[in-house]
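What follows is a set of structures to go through.
Below, chain A partners chain B and then partners chain C, in two separate complexes.
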Partner chain A sequence: MSDSITAQGLEMRFPGCEALRGIDLTVPSGSVFALLGENGAGKTTLIRILTGFQSPTAGQCTVCGFDPSKDALEIRRRIGYVSDQPALYDWMRVDEIGWFTASFYPEGFLERYGESISHFEVPRNRKIKHLSKGQRAKVALALALAHDPELLILDEPTSGLDPHVRREFMESMVDRAVTGRTVLISSHQISEVERVADMVAIIHQGKVRLMDSMIHLKETVSEVTISLDDPLIALPRLTGTIEVLSEQSSGRQRRMVVRGFDQSAKELLEARPGVLNVRSRPASLEEVFIACTRGSVVAAVDDDRFGRTGKNSEGLQPSVSGGSHES
Partner chain B sequence: MNRSLVLRRLCWKETRQLWPLIVMLAVIAVFLQCMLLIGNYQNIKSTLPIAFFFGLPCLFAAGVGALLVGQERENRTFYWMASLPINKLDIIGTKYFAGVAGLGAVWIISFLMMLISGGLSNASGPISVREIDWLHGLL
Partner chain C sequence: MFFSINESNGVAIYEQIVRQVTFAIAEETFKVGQMLPSVRVLSVQLAINPNTVARAYQELQVDGVLEPLRGRGLVVCAGAIRRCKEIRRSVIAESLKEALTQALHGGLEADEIREIVHKQLNKLDGNVATVSSTVETSS
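Entry: the complex of A and B
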């Protein structure tokens, strides 16, 4: 299976701001790929680079096998893009904007656009300015899908939409992936992408903190709760492939989101004097997201102090708040 | 993808975007002509033809940039256009063409308006000798 998007060491610096600080990303073809990150994490900047709107300060990337800084036009022929607030010409009617856009794509665009508009039940003769926000989003999606793009990029596509429209929107993405097309969804609405995404990447402060398949992520990341008889007890260092993504202390309980937590690690913790109980359960994507996006780059320094590895093939960086460990 | 079709559609869009400005100028011109017809404004009757000749194109020139570029930036439609497979030069070129063609059309219309208003303000002819001399001096 080839890759729809590849990025190596992408950096983007604006005056007084580092939007991207070395992004490495691979989006396999035929998948629904979720790009998660809090506001200002760098998602939109990354998408702007991938679609050729902006040139990166450093690094390389390819989209559908083309370099966006050299072949932006070719990429735009092959992709569909829906922004967070689709800005369409207000004065055009729904059928008029399809007719206008059809001239930039091969034959068959207008027919498929018409089918989508009928499917979404958007009135054809109504002006864009008289449509609801949900209807506008549907028109933007119909325009982005009408040339049957190899890759569909959605930047916060469902912000401001009601749950019915959101669900319909997301389910149509799964249908596309089934037909071998790729969908890249940028969002901070975790629950909605959790249902549809095959792969997920979490961006925090311009870096990819975590990239994995959704299935593997759910299998390997656990939320571990440790009950202690004294809150000042130092826990043993978790070694090997185990990565502590975040840790919080609350009274005599310590909560950690851990990747690769296994029975031996549980036994190691339970064997520590003062540890009353160790419970683990699979972490939700939201918990993983919060674990990856809590704290800042400074936390990496703390991480060394606590003797944790901080290593991760995708550059995962744990964050720490409270708690103590032996080194 | 047919390039001439692309250019035609882009021109259609630009023309439609200019439409409000053209309508506004037409309303101003008609309003001033009506004022000239029904009112007794001796002090402006002699200057109105010249005002038509220069005023309407100046208003158009001031508004055309705001409509074709400023409005698109403000409404973020530029970004949507930029996401389509269109050569940037085609977008810029059609905007430039629409602006220049529109300005040319307004010059022609304003010249006709000047002749008409000259005729209304001067019973001896469609335009006063003083105005023709003034234009000759300019050219």
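Entry: the complex of A and C
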């Protein structure tokens, strides 16, 4: 099996809110896959669908080869999941919750849980309610890893945690990747993602705005600054394989984040009268993220409006949430 | 040796590892025949993707800096020091070129730049601890 997660056309509508508007995603086995997106972009909804906690309004997905809407239990046996606010039984002690959870999994769970707990230096006989936020997160991670899952899903696991705990989470992720397991992480810590991820998908307004391998992304996206002698000069349109992710102008300068910017595009811009200077440098992931999530919001919405009518006619949309978009 | 990775300085992470290993060999922190940490160890230690480390090691092998010791790991090749000194030289030349380009771009005349370079070089020459000497004192 080469893909750990696949999703085609996933849509999720809540009354008055379209959380996902057609997500297509492929997470190859053995990769560290990062989901980036603003708060409310739909990351958690997507993860909840993948883990079988929610059924999508439309679209299909598979996780470890199973369909979450039919075989949620099979999937849960194979994955580990840490949410941003792990739900743990407050009144249990750290060792008790391990013992309790172990009863749902095959042998070996408790030993591995014990090893992680010692490694993370969490006091075993303390009650969950008396743990710090970082310790709770570590317990949740230890539980999620103890059955050696094929796929580890982390939903903003490190938000609000100190650098030590964040580092330990990253080390655990890398450790999973080294042993060929798959990790899906949703995060706002772009610098962390930049270090550990093989693949990145940027989700914006319920759609995948960009999905690529980290290496390819870094090689192909550049930030281009153009100096002009007059702020009103119109620049030639960049066509072909070139995609302008965002464009800003400030006085006599334009700045663009461009995918696939090459020498010929540079020459095309330089040839335009009034263009004084064109400089490009590789964009950081943060710049790409900002460009994708702020950039051409209007254009993206418009595109979507056209694409949508067709999908609605398939009749998969519940009447509750209908209408809000087409009106 | 200690690596330091900066994920947002514009240099790809694998390239940072390549450079740091190369520089470490050039200044003989890594000796010929010494074994490098495994991909697994280094990736966990730096908390970076193992493929990134693997890619860096691969490139270092292609460059003729590292060679596999069958079944054990990667070691520094004989003759790597000279190769690494060359690479270091070209990396440094490249960053000087960048600084000079910036200066020219900013409108400085070549003579002004020469003056600055001379002045700074005279001031610094002999007063800068070389990398190998700092390594010795700090270890």
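Quick note on the criterion: the second predicted complex is superposed on the first by the 295 of 327 C-alpha atoms of A that agree within 3 Å, B and C clash if a C-alpha of one lies under 4 Å from a C-alpha of the other, contacts with A are read in each partner's own complex, and residues count from 1 in each chain.
Simple rule for what comes next: a contact is a pair of C-beta atoms (placed from the backbone, for glycine too) under 8 Å apart; a residue touches a chain by one contact, two chains touch by 3 or more.
Not measured: the values here are computed from a predicted model.
In the superposition on chain A, A:Tyr89 makes contact with chain B only, not with chain C. Judged by the touch definition given at the top, the superposed model places A:Val32 against chain C, while chain B stays out of reach. Judged by the touch definition given at the top, the superposed model places A:Arg13 against neither chain B nor chain C. In the superposition on chain A, contact is made by A:Glu286 with chain C only, not with chain B. Of the two partner chains, neither chain B nor chain C is touched by A:Lys127. Once the two complexes are laid over each other on the shared chain, residue contacts for A:Glu171 go to chain C alone; chain B is not touched. Of the two partner chains, chain C is the only one that A:Val196 touches; chain B does not reach it. If you check the complex, the residues on chain A that touch chain B are 51, 53, 73-74, 76-77, 81, 83, 85-91, 100-101, 103-106.
Listed in rising order, the residues of chain A touching chain C in the complex are 32, 167, 170-171, 174-175, 177-178, 191, 194-198, 214-215, 218, 277, 281-282, 284-286. The touching residues of chain B, when paired with chain A in their complex, are 1-2, 5-6, 8-9, 12-13, 16-17, 75-77, 79-80, 82-87. Those residues of chain C whose C-beta lies close enough to touch chain A in the complex are 5, 7-8, 10, 12-13, 39-40, 43-44, 46-51, 55, 105.
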